[in-house]
Structures are given as C-alpha cells and as structure tokens.
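What follows is a pair of complexes built around chain A, which joins chain B in one and chain C in the other.
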Partner chain A sequence: MRVYRVLVGVLFYISIFSNTFGQELAKKVVLKEVLSIGGEEKDILFQWAGVTTDLSNNIYLTDSIDYSIKKFKEDGTLLKKAGRRGQGPGEFLAPRLIKYFDRFLYVTDQNKPGIQVFDEELNYKESIPLRVPVFDFKVLSKNLIAVSTLIPNESSKCIFFYDEKGNLKDKIEYLKLENESLSMLSIVKFEIDDKNDLYIIYTFQDKIEKFDGKGKKIWSKSLFENREMKMKKPKVSPYQLPEEVVFKDIEFDNKGNIFILAGSWSRNKSRDIYILDKKGNLLTIVTLPESTHCIHIDGQNNLYTRAGMGTILKKYRIEYQ
Partner chain B sequence: MLKRLISFLFIFIFAVVIFGDLFMDFGYAKTCEEALEECWERYGGTVWGFWYCNLGYVFCKIYIE
Partner chain C sequence: MKEKFKRIIVILYFINLAFLLLWGKENQAKESRLLHSKLMFIFLDYSAISCSLCLDSFLTLCNTLKTEKGENIMVVGVIISEDSEDENRAKIIEKQLRGFAKANNIDFPLILDKSNIFKESHFEDSIILFDIVSKSVKKYKFPLDKKRLKEIIVKDK
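And now, the complex of A and B:
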C-alpha cells in the first residue's frame, strides 16, 4: 500500500512538473553544420525553393530557375534531376513545395493548380487535381492531403482535406472574417501531428494557434506582443498589402518540439527559429548563420535551410543541451 | 456549360503561360510589390489571375525577406 502511494505521488509530481508526457523539452539548441550542397561556383543549385528527405536520408529539392526537382545522396552527391519548363505531366512553371510520403514525392507549382506526384526515382506518376492554389500542404495518408490556400471573398478560412482524386473530404475552420479585405492577412502555414492536432502560423500576423482534430481551438499565442502589421496600398489595387512577413515556416522535430521560423519582426530577420512545446510555451530560440525562407527537419533531427540566396542548401545536426 | 468551360480554360491557360515567369526574378530586378502590381495590371481581372498574383506575392515576400 505504501509503495502504491509513493508511485502515485511520483506520477503526480511528474505530471505537474513536466509539460507533456513523451516530449523532450529543448532548453538550449545548438546547430552543427554537417553538409553543404551547391554554391555560386558550382552549377548544381540555382534558386532552390522546397526541400524534403526520405527514410534513407536522400535529399530532394525543387529548383525554380531550371524548373526541376533534384535528388541528392546523404553525402550531397547529385543522383538525379527531372523536369523542365512546361505545363505537361512532370513539367513545371514555378516549382515550390516538395514533400515526401511513403515512397512518393508530392510537388506543387506556384503557377499551376494541383499537386504532381513522383516516385523516388523522380518519375512522374500522377497529378492530384485541386481547384485552389496551394500555399502549404501536408500528406496525411495516400488518400488524404491537407491544404492551405488563399481564396479571396471567402469569410470562412479553412484548412481543406482532399483525397487523391482531388475531392474535398473535410475542412477545419481556423478563422471567421468579417472584413474580406483582410484576406491576405489570413494566409497560414501549418503542421499536423500524430494526434491530428493542427498547428498554424500566420504569415502576416503575430499569431500561432493550435486546434484539435475537430477544429476546437486549444491555444493562441503571439511572440511579438501582438504588434500591428503595416499595410500598403498599391496604385492599381483595391486591396491593401501586408508589408512584412511575421512567420515563414513551421516544422516538428522528433522529440515533439515545434520549430517556427520567424521573418522580419524577429531580432535576426529570417534567421531566428523559435522552439515551442506543444502547449505553446517558448522554450528557446536558435539563430541561423544565414537567412532562409523555409526549414525542414528530417527523422534524425537534422535541420535543412537555405544559404547563398538559394544556391546553397545547408544541413545541420540539432543538438539539445 | 460548354461555353463556360471553354472560357475558363482559355483564361486559365493564358494566365498560366504568361505570368509563369513574372516572379522568377524576385530578389534581383523587382520588388515583390512591383511584381504584384504588374501582375494585377495584366491578369488581375480574372479570378485565377488574381489568385495567382496574390499567391506569387506571398511566396515572393517569404523568399526574399
């Protein structure tokens, strides 16, 4: 009986003083560079836009300048390149995001609707037709893809869930707008964890939010004291434009931490990564040597970022101290 | 119905072909705002054009800032 009481006491203590079971909190993070691909003198990368990795640590990139996707070995050796300018299958106008899921690569194009699917050897397999332009997406299973988009004149802002044929299956509303001119302010990037919780970052607002799988808001957080966005009125537009990017990208590491790349409002513009736990508590900030537009973390907790204005990819080992 | 479909396809293909490269030189020759204004002037009258101009602006801001 006494042992039982002690055990209950210990469990109670752990539950009170640990933020989350199963999450190893990052108190200090150090980045060690382990790989660099490209460079101005090497004609390998010209202006890469998206990055992903597979389970064998191969690296896949989209490159906007030569309309391609590229596959690199773990040591940085170029294995294959595919794609060319065009609108046909396997062709690109402005390749952007690339995500690996279960032996396939899913690639978006800024100027083409839908998502193109390739195998690991970069052979084109099929296209998923979508009627909305894709700003961010996550492949949840072979037949379920979550998409963030930018649709004007819609008061309800949602993450949409499509099947592999492009049929809308579900949606989670993250914002209800009263004024449609706020349209661009409501654009978000997101991540979904293994519990189906949704984490969103606003590109043009100081707002990070968590929703459960049914769309109930769990928390909302700001990192820059809810600073107000400066808006600019262009000559030819009825809309005002947000001038600065607040948050650029969101990723999870395999310890359950949330990595958020901040933009112009951070002390080190586009170099600071804010690391939060899943309750939204800020744990630490790590600063990259160079500015980047995106981050990717692989299954071994390696961080991939941009350098050299898109001509270089850097890979860092994340060390937790 | 067929007329609407043809009209949609025409606008869409036209828009995609022409402004495909509008944002390719971001960070070098233009600001994102200038590129967006140019895009709107040319294609902002179509629904697809408007969407893709705006999306291009957001990608552009994220990429170069």
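And now, the complex of A and C:
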C-alpha cells in the first residue's frame, strides 16, 4: 500500500512538471554560421523576401527584384529558378511569403490576391483564391490554411481558416477593436503548434499572446516597458499609421521554444531574437550580426536570416548551452 | 640619311594620326546626329525598383521604347538613392539594378548616381528629354499618360 502511494505521488509530480520537462528550455543560445548564399559578386540573390525549407534541407526563396522563386541545395548551389513579372499563373509582381508543406510550396504576392501553389520542382500547380490580403499564413493541412489579414471597417480582428478552394471554414478572434482608425495596430503574425495553440505577435504593438484552439486567451505578454507607439496620419490615408515595427516574425524550434524577432524597439534593431517558452517566460535573447526582416527555423534547428539588404541568405546552426 | 628618314616617318605618322582623328570625329559626329536626334534621361528613385506598382508606367515606357523608338533616341537611366554615397550600399544597389534590368529586359544603361548630383534636383521619377532637332528640353513626370508617351516616342521624319 505504501509503495502504491509513493508510486502515485511520483506519477503526480511527473504529470505536474511534464509540460515543463517536455520542452527543452533554452537558457543560452549560440548561433554558428554554417552557410551563406549570395553576396556582392554572385548575381544569384537580389532582394530575397521569404524563405522556407523542405525535408531534404533544400532551401526555397522568393526574390522581389527578379520576380522569382529559387531553389537551392543544402550546400547553397542554385538548382532552379522560376517565375517572371506578370499577373498570370506562376508569375509575380512582388513575391513575398513562401511556405513548404507536404511536397508543395505556397507563395504569396504583395500585389496579387491569393496564394499560388508550386511543386518541389517549382512547377506552378494551382492558385488558392483569397479575397483578403495575406499578411501571414500557415498551411495546416492540404485543405486548411490559416491566414492573418487586415480587413478595414471590421471591429473583430481574426485569424481566418480557409480550405484549398478559398472557402472560409473557421476563424479565431484575437482582438475586438473599438477605434477603427487604429486598425493598423491589429496586424499580426502568428504560429500554430501541434496542439493547435495559436501564438500571435503584433507588428505594431508590444504584445505577444497565446490562444488555445477554441480561441480562449491563455496569456498575454509585453517585452518592452512603458513605450508608446508614435502614430502619424498621412494626408491620403483615413487611418493613423504606426511609425515603428515592434515585432517582425515568430518561429518555433523543434524543442518547443518560441523565437520572436523584434523590430526597432529592441536594443539592436531587427537583430534581437527573444526566445520564450510556451508559457510566455523569456528564456534568453540572441543577437544576429546583421538586421533581418524575417526568420525561419528548419526541422534540424537551423536558423535562416537575411543579410546584405537581401542579397545574402545566412544559415546558422542553433546551439543550446 | 638615317636621321632624315626617321624624321619623315615621324611626320607622316603624325599627319596620318591627325587625319584619322579628325576624319573619325567628323564621321562620328555625323553618325551621332543621325542615330540620336533625342537624348533621354530617365530618373528613378531606388525604392521604386522594388515597388511593382510604381514601376508600371516606367516599364510601359521601356517596352514602348523597345518596339517604337527606332534608333533616334539615346536613353540613359539614372538611379537616385540616399544611400549611394556609402560604398558597400552602392555595390549592393548596383547588383540589384543588374537583376532588375535583366528581369525586365531593359536594354539601356541604369547608372547609380553615386555622387548624389541629382539628390536635391527633384528629378525623381521623371524624364528629361533633349530634342536636338527642335533644340528643346522637356520634362515629363511618371506616370505617363498615352498622349505624353506618344509625344516622347514620336520618330523623326
């Protein structure tokens, strides 16, 4: 009986701390550069905008100067380039985000609605028609894509879920806005983990939030104390526009840590990555050698960032100490 | 005798050189008048090259020049950027211009104004057209409407 009680006690403590122990907390992180693609001499990258990787460690980039998507081998060799300027299938005006999911690439364009889908050989396959501009997205399955957008004149700000035909299937409200003139402040980027929990960073607010799959807020966190966003109202715009970007991007590593790239409010503008656990505790900060507009982490915990005004892609191995 | 021969050779060489230079220049000048009766400077702000919507009018002009201009217009693109005095930034911008020109099939030179000569000129996103035949200088601003485009491209008779 006594042994049974001890066993129950041990199991109880294990169950309490399992969430914490399940995540390998990052106390100190060091970045080791393992690859650099592009540079002054090589006319391979001109101004890359989005990056993703596949399961074979191939790297895919969008390039806004030559309206293309490019595929690189793990060692940085250019394998293929596709796309040109235009409005048609497989063409781009300003290619931006690119995400890999199950042998397909999903690509957005800042000046074209919807998401274009390509295979791993960069052949155009189809377009997912969306009527809203895509600010961020995540492919959850072949027929479910989560999208962050900005719809003016709607007080309820949501992450929307669409199927592959562009039909709205679901939404999670993350903000109720009372003053519509501050609509720009509601722009977010996000990540969704394997438990369907939603993590949101605000582009123009010092706010990071976690919601469960049903839309219930779990926590909300700020990283910079007592700072107010400066706003300006251009003559041509009905809205006030924020002057500084607070958070730029969010990614998970495969240990369950959240990597958040901070913008101009951080000490090292667009170079500081804040690493949080899934309870919102700040674990550590790692600083990049050069400013970047986005980050990507692959399945082997390699971090990809931008350098040289988009003419260089850097790949770092994340080392946890 | 040797000295005299050398002197004759040198004199002949200089006469020949002068003749070639003068004759060549005269010919080039004639060709220049024939080939380029118009000289066009297109001034673009660097930020425009990554702004697809800003480029529409510029690229329409480029395509029209390619098909309509014949050989009477000499075109030079001048790129204005605040950062161009920084040597490293200038190298990156020049690289991006190469990519931009190639992607858009631009066949005239795009020159970065590294010395910031035109920075305060308010020439960004405009065209300065020197018409040698009518002896006039005109300025056009992007976006160009059809009438302006036709006015720029019109061939000499």
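What we mean here is this: the second predicted complex is superposed on the first by the 300 of 321 C-alpha atoms of A that agree within 3 Å, B and C clash if a C-alpha of one lies under 4 Å from a C-alpha of the other, contacts with A are read in each partner's own complex, and residues count from 1 in each chain.
FYI, contacts are C-beta pairs under 8 Å (C-beta built on N, C-alpha and C of every residue); 3 or more make two chains touch, one makes a residue touch a chain.
Bear in mind that the values here come from a model prediction, so they are computed numbers and not experimental data.
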| item | value |
| --- | --- |
| Partner chain(s) touched by A:E40 [first = chain B, second = chain C, both, neither] | second |
| Partner chain(s) touched by A:R84 [first = chain B, second = chain C, both, neither] | second |
| Touched partner set for A:T311, first chain B, second chain C, both or neither | second |
| Touched partner set for A:R271, first chain B, second chain C, both or neither | neither |
| Which of chain B and chain C A:K232 touches, first, second, both or neither | first |
| Which superposed partner A:R96 touches (first chain B, second chain C, both, neither) | first |
| Contacts of A:I65 with chain B and chain C, given as first, second, both or neither | both |
| Contacts of A:K157 with chain B and chain C, given as first, second, both or neither | neither |
| Greater residue coverage of chain A in the superposed arrangement, chain B or chain C | B |
| Where chain A meets both chain C and chain B, residue numbers | 64-65, 93-94, 110-111, 309 |
| Chain B-facing residues of chain A, complex | 49, 64-65, 87, 93-94, 96, 110-112, 132-133, 135, 150-152, 183-184, 187, 203, 232, 234-237, 241, 244-245, 248, 263-264, 269-270, 293-294, 309-310 |
| Chain A partner contacts - residues on chain B that touch it in the complex | 13, 16-17, 19-21, 23-24, 27, 33, 36-37, 40-41, 44, 50-52, 54-59, 61-65 |
| Touching residues (chain side chain A, partner chain C) in the complex | 40, 43, 46-47, 63-68, 84-85, 93-94, 110-111, 308-309, 311 |
| Residue numbers on chain C that touch chain A, as the complex places them | 49-53, 59, 89, 91-92, 95-96, 98-100, 102-104 |
